[in-house]
């Protein structure tokens, strides 16, 4: 773009609007500024301002008995508390879960996205699109409680498995330490399943878009050069869908990192980052500690975004 | 700050932070409505914000914008200490004298010879159990949820018991230890010195292995007793009532160790914008009809004894069923602080309870 | 061996439809339990079926109030998001300047950072500035994370729109404003509509940020949350969810057809 | 000479019902080993479809395709001994140039050191040594075209298929690449099956040309045969400039129903013994020649004037007299419109 | 004749620092009213940038641009009396054809009935009556091109700018459109400023041609002047095929440092009195002529053989004898590499 500024042009005839138009045309920097000022104000002031307010709060202490924030002096006590083993556990657990959910979402989303992008045509494509979008439009909470019912010990899944005489399978799964538990809805496996379910559409759509952008001739070229389907997949499709995966994973990763409702309803009562932050602020009123703790996901996401950007995710979002 | 001297004209509305189900206007069940009539009578519109835990109530009050709060004992002292609530002039509340004498000057709302709240309701954290599992051998001790053992149906209790998902539950453990291990010298489950506290946490860590999922909200626990094979847990009478009404095989008991409980008071924000309507509500909140209906609705005990008789919804045995006569056996919720009389002011404060309970849940 | 390269293998088909099934079993359950005769807890299978909950839901004012509030919030948040998102897209689509990446990152941040952080940050800011909770505090939160949705749609369309269209318009005598009105907006129209629909959906179902910015107000998801925590007529939440599903069917379809041309494979 | 490719009654139909497109209809064709064979035809005439059936990207609706004598009609692309240079080059954007070229060897399992070495050799062959580490996006159009060539050739195909490989290039670059491509084909001796809609390209590069029209092969022959003895009016018109006369005029010129006369075969001369005379409509300058249009009683006759013949080019309105040798007039089949 | 466009020392620089691109450097140019002026040059030589500065889409870094005598250097496009036909046509996809054509009138505020009538007239002019209700996507490439033309012409511009308007078309369609475009320009008498990189197109259509190379105008002149008397080696090479000799060989042929000889000006003849003799390297068939390359002691000489002159075309290895008239040899300026 040619952004040099030049002397005000000789006015073309016309009203003030036309003159403003002339000015904007010849001074493109000005036009750009006018376009970007409102969003920048909003994001710079409202959003970043809020984040800074949060950051500032992380340096305050709390009067432990009354629960009132003490704004008179700054302290690093919240950051020290964050390093307690229990909190470190929470962070590691959450990040591990977020990664697992992201991987699983990718694995499940990929075939769907691939099929939508390359094979589905006409009404079938529309049908699939709706099928993917519809869950997004039905209340997240109601779906969550529906999962509770599905996963319960006497719920739909065990009922079906019992009918199929496959209960032993479920029991074996639930006996696995680390992921198992008393029933699916009381296990970390259950939390995992529900996370995967909830964020799956957010993974499907960007991957689908990324695959649609791969020119068909590339796949044909691969086949032409002797590659079988699987080679083409791993050497061509998958790398080229990577921006879509990265974009989708920003959602799956970040949503998992921050959610506090799902693990509250489904799971084994071990806490995730979102819950700790929520409890510290909403329940315990310990805003400073919550603020400090919420820096963890900010940092994690920051690192993640940095990697995702390398993979070209922002262009595919 | 001094209390109001007289009630003026209503401001037209009153904002209340309350437990879920505490202030009903007949939206879910027409029989349970104690707001509409009040609004009609006084012209004060009632706005309710529900809070799920005591901590949340404190947080909401600290943020401000409310007139009243139905605070439990573990929240009320913090509100008073934080100067979030103002003294109440009980003379402006004619029904105050009808309140159960045991509650009129209860320590969770009466401090420094000043009233800071009006008792609303109270209840206990009973042991709820499944009667088909326990059959003719109902549990008598909290040990069924704390210690690994075989239940009368021959199967282990592992994975079939629950505990409350809140730091205050440490007190339940202390209560159990008070009886089980007198050598620890626990006098008050909310006042624990370092050693006692450690023992309680140790017990809870053991319990973690038995508990599949901690209960957090009442209806999830109802589901858990229905679908998840949970057979024993600390609970509120409320859940037991609902499960029984659905013909589920449950019963409640107060074990030999006693039980923790909660007693709620309506307290008024220090900067309440609608003090007149607030006073009118506090007066209204003490009428026997409301108290009885609410007790029936919530499974709690009225703070006005008159409510126990003749209430259609509650029934004549309602108060007794819900713990009216067990007042002395209940250790009511209060906020643990370092200042404590029973352990020479060397108690573990609440904020440690919060983070340690998170650790316990995390298996640490 | 006849293997038509334009047909999907059975493995792929199976994986696809299994995935779709996975997405929809809970929805089926939601619909089923909208008719459940059991009102306080969920048991499987449901003990009986009834349609009474539709009437019950209809008669409850709090449902209507919550839907009304959510609708208004979503409408205004979407409106703000559309304005800001379009401006940002117009500014960033085809320009290069120092700090451009930072600006686009800033737009993505509210959706990339967990909602709880946006929520707490806003709540802290409101608190610090002593802004009382109101309709607008919810709207601000929602608009913030909706912008990126509109922005993404608009910027994708702008990048795919030939810049010579704008030049052609000016060449034919249209000034900046006439060009915006006659060329840019019509070009963006369907992308904006699709982005707006998505933003509306996001806002309508948002619970996490709202929890922190709503104060005493009850949006539909907050109502659901309260209702699910202390239900008396539990199936009513399902009824509401089902009604929302049914009502949103058409906008989804519309959004699909509106943005479809953007999705066509393009050769480079 | 061996036969490289045989098409036997191959047809390809897309869609069904009202939207049926008969892209290729009943094509019989034999391409000899080592030949540079070009498919020439207007847009939409079925050239690409034909090529895609040989490559295996589209399956024929009916008929058989043989490569090196083997029926490959139902084989997937990776099992056919042919390789393709795509019109958009289809270079893998996420790999560097060397990996692009080595792709065919990689999928065959050739070990890394060896395949990269051979890729570099191949890049040398197409005069692109030194760009191996770049990405496709960092190359110019002509360079990309050569990478695509190298990538296809590394597999040593029996037949190389090229779908308008020069279509995206500048005229000047295009002429240069034509020469290079032809030279490469001579050097390697591989059968090339080339698609273009540019008759100059077809004429100058090919050993034989097949002219496509509406899904059918209208004529197959050497460039000379196609140019000088087109079978149909379509071929005459499509391959170079042509004066085509029908009916009365044709009979007057050659006693048949339809004739063709190439403009460069006509000379201006004296009025006596002129075959035709008439006024000049207009003259267009093309550098190497000038194109004159004369009015023959309502129908234009196009004459290309070589600068060697004339120093003074006539102007519009001048009367000119046309001469040609009788063998310049070629009778066309039928009276196809 | 009036002056339509004047460029005075116009330069355009993109970027800064290491990435500076001098797209157009110090161009002086005068285009007469009613002229068909073509900018010819290879890809990236600055043609488009030059046109965009005249249209107002890019502002010059320095220099002045005058249209009809008025300095428009700093005016936005909508205030300039020129219109443009874009390379990709830039038809508004959300409007039908009639509204596209009427767009210029609409933004001027011409009332609806009148502007639609005039749009229909304009469509008639470009022989597209009847498609007014269709959308651009429903038209073929050639039709779209004509719509773009109609849309630009409805504003009655003083100058019409055309940026490779035929680039996206098939060769055959392209030749047809060349004729149409030229005829339209004659009919309307509007100044056309045309861009192409195809020398045939430039030579056959233009009144004058400006040859661009690396941001500079190398030569401006009539097609004949450009073709027969190129000023530089670049022009000689770029505009048509050329034998360019330098140094010793040039001095031998014409006594200057650098000469050019067009291949079609050379004839084969008898050995005696031949200007050059040598063996044939190869012969390429082009239909209307054959291109022979003879080896002149290590340097190829290209000869285009007209079919009229020879019945037997020599083959590689034959010895041929070249003849030309002395005026076919053109001395080039300098010894530019």
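Per-chain residue numbering starts at 1, and chain names A, B, C, D and E are given in the order in which the chains are listed.
Keep in mind that, in the parts below, contacts are C-beta pairs under 8 Å (C-beta built on N, C-alpha and C of every residue); 3 or more make two chains touch, one makes a residue touch a chain.
Chain-to-protein mapping (UniProt): A, C = ABC transporter permease; D, E = ABC transporter ATP-binding protein.
No experiment lies behind these values; they were computed from the predicted model shown.
Asker: Farthest chain from subunit D, going by mean C-alpha coordinates, please.
Answerer: Chain B.
Asker: Looking at chain pairs A-C and A-E, which one is connected by more C-beta pairs in contact?
Answerer: A-C
Asker: Counting in whole Å, what is the centre-to-centre distance of subunit C and subunit E, each centre being its mean C-alpha position?
Answerer: 52
Asker: Can you compute the centre-to-centre distance for subunit D and subunit E, using the mean CA position of each chain? Integer Å is fine.
Answerer: Whole-Å distance between the two chain centres: 25.
Asker: Report, in whole Å, the distance between the mean C-alpha point of subunit B and the mean C-alpha point of subunit D.
Answerer: So the centre of subunit B lies 89 Å away from the centre of subunit D.
Asker: Which whole number of Å gives the spacing of the CA centres of subunit B and subunit C?
Answerer: Roughly 39 Å separates the two chain centres.
Asker: If you look at subunit C, which of its residues touch at least two other chains?
Answerer: 5, 42-44, 127, 170, 175, 228, 267-268
Asker: Two or more other chains touching the same residue: where does that happen in subunit E?
Answerer: Within subunit E, residues 76-78 contact more than one other chain.
Asker: Could you check subunit A for residues that touch two or more other chains and list them?
Answerer: Residues 21-22, 25, 148-149, 152, 154-155, 215, 217, 223, 281-282.
Asker: Taking the touch rule as given, give the residues of subunit C at its contact with subunit B in the complex, in rising order.
Answerer: Going through subunit C, the ones touching subunit B are 38, 40-44, 60-62, 127, 132-133, 215-216, 226, 228-234.
Asker: Mind pulling up the subunit D residues that touch subunit E in the complex?
Answerer: 42-43, 170-173, 197-200, 203-204, 223-224, 227, 238-241, 262-265, 267, 284-289, 291, 304, 306-309
Asker: So in the complex, which bits of subunit C are touching subunit A?
Answerer: Spelled out, the residues of subunit C in touch with subunit A are 5-9, 12-13, 15-16, 19-20, 22-27, 29-30, 33, 42-45, 83-85, 87-88, 90-92, 94-97, 103-118, 120-125, 127-128, 140, 143-144, 147-148, 152, 170, 175-177, 201, 205, 207-208, 211-212, 220-221, 224-225, 228, 237-238, 240-242, 244-245, 248-249, 252-253, 255-257, 263-268.
Asker: Where on subunit B is subunit C touching in the complex?
Answerer: 15, 20-21, 27-29, 47-50, 52, 63, 65, 217-220, 222-223, 226-227, 242, 245-246
Asker: Provide the residue numbers of subunit C that touch subunit E in the complex, in ascending order.
Answerer: So the residues of subunit C in touch with subunit E come to 162, 164-165, 167-175, 178, 182-183, 186-187, 189.
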